[in-house]
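Look at the two complexes coming up: subunit A is in both, with subunit B in one and subunit C in the other.
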Partner chain A sequence: MALAALRREGRRFAPMISPRPITALRSSPLAPSLEDEGPIGVRYISTQVVRNRMKSVKNIQKITKAMKMVAASKLRAIQTKAENSRGLWQPFTALLGDLPSADVKKNVVVTISSDKGLCGGINSTSVKISKGLHKLNSGPEKETKYVILGEKAKAQLIRDSKKDIELIITELQKNPLNYTQVSVLADEILKNVEYDALRIVFNKFHSVVSFVPTVSTVLSPEIVEREAESGGKLGDLDSYEVEGGETKGEILQNLAEFQFSCVMFNAVLENACSEQGARMSAMDSSSRNAGDMLDRLTLTYNRTRQASITTELIEIISGASALEG
Partner chain B sequence: MTLNLCILTPNRIVLDSEVKEIILSTNSGQIGVLPNHAPIATAIDTGILRIRLNDQWLTIALMGGFARMDNNEITILVNDAEKGSDIDPQEVQQALEIAEANLRKAEGKIQIIEANLALRQARTRVEAINAIS
Partner chain C sequence: MLGRASMLLPCRSILPARARPFSTDLPAAPSADATFTEAWTKVIPNMDPPKTPLSFMQPRPPTPSSIPSKLTVNFVLPYASELATKEVDMVIVPATTGQMGVLPGHVATIAELKPGVLSVHEGSEMTKYFVSSGFVFIHANSFADIIAVEAVPLDRLDVNLVQKGLAEFTSKLSSATTDLEKAEAQIGIDVHSALNSALTG
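The block that comes next holds the complex of A and B.
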C-alpha cells in the first residue's frame, strides 16, 4: 500500500504534457494494478473497472441485507421458545444451587457453538472461556475434558486440544430444536462421559445487541451429597424428605440427569438466539460498510468520467489548433 | 391457607395458580399434599395429578418428572403435561389403539421399551379424561 503511494507520488511530477486527474490519485479503494498507462504517462482509471466494482459491491450489499432479514425472522421464532424454557431450570438452581466454585476432580466442559459462520464474535468468546476453564481446572489431580456442540467450536478446539475432546456433535439445528432431541443428546453425554461436574458454556441472550457468555454448572449426585453435608448453600437439601424411589441417591441421580437435560435445552436455545442476533448485527454493519464503499466508488467514478471527457476535449482542441496554426 | 402450584414443561408453563390440595402419583405410590406439608422432593411417574381448587377437582396428565414442595410452594417439572379439559377423547382413544398395536409389533428391546412408554402415556391421558367425566 505504501509502495504504491510512493510510486504515485513519483509519477505526479514527471510529465506535465497532459493534465492528469490529480484527484484520481487519492482514490484508495482501487489498487494500482487497475490504473492504465495511456500515451506519455497519462494515468487514468478506466470507468469500466470502477463500474464493475460498484456492481459487485451493490450485490454484496443486497445479499447482506437479505441475510439480516432472514436472521431477524429466525430470531423471532426462536426467542419465544427460549423464554419459555427459562422457567424450567430455575427450580433446579433453587433446589440444587449453581456452584461454579465446586472443587472437583473430573470436569467436563460442554461448549455450545453455532454451525454456520458470519455471526460475529460469539463463537470465539465461547471457545476462549472454555479454554480458560480448562486451564483453571487442570492440575495434579484434576482434569478437564471437552464435549463440543457445533462446527465452529470444533474447528477452533481441535487444533490445540485434540486429546482432551470426548464427544463432538454437529448439525444440531437441522430440525427445529425440541426437548426430546436435546434430552437424547444429554443422555448420550451422560452415558459416555465420566464427570463430577459439567460446565456448560454458552452465550446467554439478553437482548438483540447483548449476548453474554455464561457458564452453568451441573454437579453429579455424589458431589451434591458432599456439598450438602458440608453445609453452605446446599445445606437445605438435607431438610427435604425425598420420596418416590428406593433410596435418596437414586432420586438425586434422576434429578441430576433431568437437571442436565433442562439446562442443556435452555443453553442450546439461548445460544441459537444469540447466534441469530449476532448475525443480524454483523450483516447490518457489513451492509452499512458496503454502502459507504459504494459512495466512495461513485465519487471516483464521476471524477474518472469527467477526467476522461476533459482529456478528450483537450486532445481535440489542441489537434484543431495545431491544424490551424 | 392455599398452595401455590406451578407446573412447568420444557416448552411452556402449564399451570400457575393457587390450589387447596393436590394428589400426585410418585414412583412409590400416591401422595396427597395439603398446606403446611413438610418440604419434600420426589420423582413423579407417568400418571395423573389431581388438583382441588374451590371444591372442584381437576385432572392433569403428567409424563414423568419431579416435584418439589417447600413452604406452601409446589413446583412440578415434567416432560409433558396436559390438562384433562384440553384432551380430545376420540384422539386419545386412537392414540391408545395405535400404541397398543405398536407394542404388539415391536421387536427388539429398544422398540419394546418405547412402545411401552407410549402406551403408558396414552393410558394416562385416557384416565385423565375419565376421571373428570
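The block that comes next holds the complex of A and C.
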C-alpha cells in the first residue's frame, strides 16, 4: 500500500526525473543522489529536488505574506479618505436623481481599474461591466466610447475594442490621490470627449472581502433639461430656482462638470480601496496555498528519505543473509 | 493510503464579493433602477447588474406641508463631511449674486458659490468658514446641501499671507500676457480680496 502511494507520488513528479539512458552517462557521484532504483523498478524523486522545491515555495510564501501586510497598511491609509469622501456625491444624487437607464446618443464609459496586478478579479469585473454597458447602449445612432483609467483595463479592452477607446490614463496612484489631481483629470476628459452621458464603472468598497461593482451616471446639461421637461424622476428640477449666472444653462453646465469631478474623486478612492482589499485577500489565500503545498512536499520528502533508508537496509540485510547461505 | 489522504487537502477560495444588504435600500426609489436592471438582464443574462448610487443613499424626506422649524444642513468637502444632517436655524452662503441667507422653508434653489464666508447660525452660536467655491442646493423639504471644494474656519487664516498673496496676484495680472494668465491672476485676486474682506469684515 505504501509502495503504491510512493509510486503515485513518483509518477506525479515524473516530468522532473531525467530519463534512464542519460543518467547512465552521468558521472558516478551525481547518479546515485538523483535517482534510486528500489524494488519492482520504482523510481523515486530524489530528496534534493524536493528540498529545492520546498525552499522556493517557502520563499514564495514569505513574499506573499509581505505583500499582504503592505496591502493592509495601504488600505488603512486610504480607507479613511474614501469614507470621508462618501458624502460628496450624495447631494448630487439627491438633486438630480440617478438615471442609469437614460436613453442617450453619445455614451462614454469611464472604466476605473488598477495599474498593478495580483489583486484578484476586480479589474476583470470592471471590464466585463463596461463591455456589458457598451452592449446595453448599442443601437442605431448610438455610440459608446471608453475612457480608461489604469493599466489593467487598458490591457483587456485594447484587444477587442481598440477603435472605441478615446482616452487612456495610467499611473494615477503615483502620487497620493487628492481632489485637485482628479479634478484636472476630469477637466481633461470633459474637454476631449463629447458626451451625453458619462457612466463611471468602479468597484465600491464595502469591506475587506466585499467589493461591489457600481456604475454612476453623470448626464450632460442638455439631457438633464430633456429629462426634466419630460417629467418622471427629474420632473421637479424645474421647480428649483437657479441663482446667478446669465442663463440657467450656464449654471447647469458648471453643475455637471462639478458633479463629474466629485463623483470621479469618490470613485477613484473607492476603487483604490477595493484594489488593496482584493490584493490582501488574494495574497492571503496564496500564502495559505503555499503553506499547504509546503506540508505536502514535507510529507513527500520524509517518505522518500525513509524509503531510501529502508531500501539500503533491505539490500544490506539481503546481502548479508545471502552470504550466510 | 497516507498519500491519498494528504492529497485531498481542502481547497480554500476567496469569499465571493457579496453585497451587504443596506438598510437604506429603498423600495420606492429604484424605479429607474428597475428599468436598468431589466434592460441589463435582457442583454447580459450571465452577470449581475452593477449597483447604482441610488441604492447606497439614505432617502430624503418628502416636502412637509408646513414649514419646519429647523434647516437641515449637509456641508461636504472632498476630504470630509463638515456637517452631516445638522439641524440649524440659518445659514448665510456666499452665492455669486451675493450673500444669501437660507432659512427653513426657503424656496428650492440651485446656486453657485464664489469665494467668501459661510456662516452657520445655531441658536446663539455662529460658526464661520471661508469657502473657496462650490454649489449649494436648497431643497423644498428644508434640506440644504453645501458642496465646497475647500473650506477653512476663519481663525486658521493668516493675514500676512493673504496680503502677500494679494500683492503677488495683482503684480501677476499687470504682467500677464496671455488670456489664460490673465484669468488665473484674476481668480487669484478675487480669492485673496475675498479672504481679505473676510478677515477684516
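The definition used in the following text is that the second predicted complex is superposed on the first by the 284 of 325 C-alpha atoms of A that agree within 3 Å, B and C clash if a C-alpha of one lies under 4 Å from a C-alpha of the other, contacts with A are read in each partner's own complex, and residues count from 1 in each chain.
The rule we apply is simple: a contact is a pair of C-beta atoms (placed from the backbone, for glycine too) under 8 Å apart; a residue touches a chain by one contact, two chains touch by 3 or more.
Computed from a prediction, not measured in an experiment: that's the story for all the values here.
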Simultaneous placement of subunit C and subunit B on subunit A, clash or fit: clash
Contacts of A:85 with subunit B and subunit C, given as first, second, both or neither: both
Partner chain in contact with A:217 - subunit B first, subunit C second, else both or neither: second
Which superposed partner A:281 touches (first subunit B, second subunit C, both, neither): second
Subunit C versus subunit B, contacts on subunit A by residue: C
Partner chain(s) touched by A:128 [first = subunit B, second = subunit C, both, neither]: second
First, second, both or neither for A:322, with subunit B first and subunit C second: neither
Touching partner for A:258 - first (subunit B), second (subunit C), both, neither: both
Touching partner for A:95 - first (subunit B), second (subunit C), both, neither: both
Doubly contacted residues of subunit A, that is, touched by subunit B and again by subunit C: 81, 84-85, 87-88, 91-92, 95, 178-179, 183, 239-245, 251, 254-255, 258, 262, 265
Sites on subunit A touched by subunit B in the complex: 81, 84-85, 87-88, 91-92, 95, 178-179, 183, 239-245, 251, 254-255, 258, 262, 265
Complex contacts: residues of subunit A adjacent to subunit C: 1-2, 5-6, 8-9, 81, 84-95, 97-101, 120, 125, 128-129, 132, 135-136, 178-179, 183, 201, 204, 206-207, 209-217, 233, 236, 239-245, 251, 254-255, 258, 262, 265, 281-282, 285, 288-289, 292, 295-296, 299, 303
Subunit A-facing residues of subunit C, complex: 1-4, 6-7, 9, 12-15, 17-20, 31-33, 35-36, 39-40, 43-44, 47, 50-54, 56-58, 60, 74, 76-81, 84, 95-97, 100, 107-112, 134-135, 137, 139-140, 143, 145, 147, 149
Subunit B to subunit A touching residues, read off their complex: 8-13, 26-28, 31, 38-45, 65-66, 68, 70, 75, 77, 79
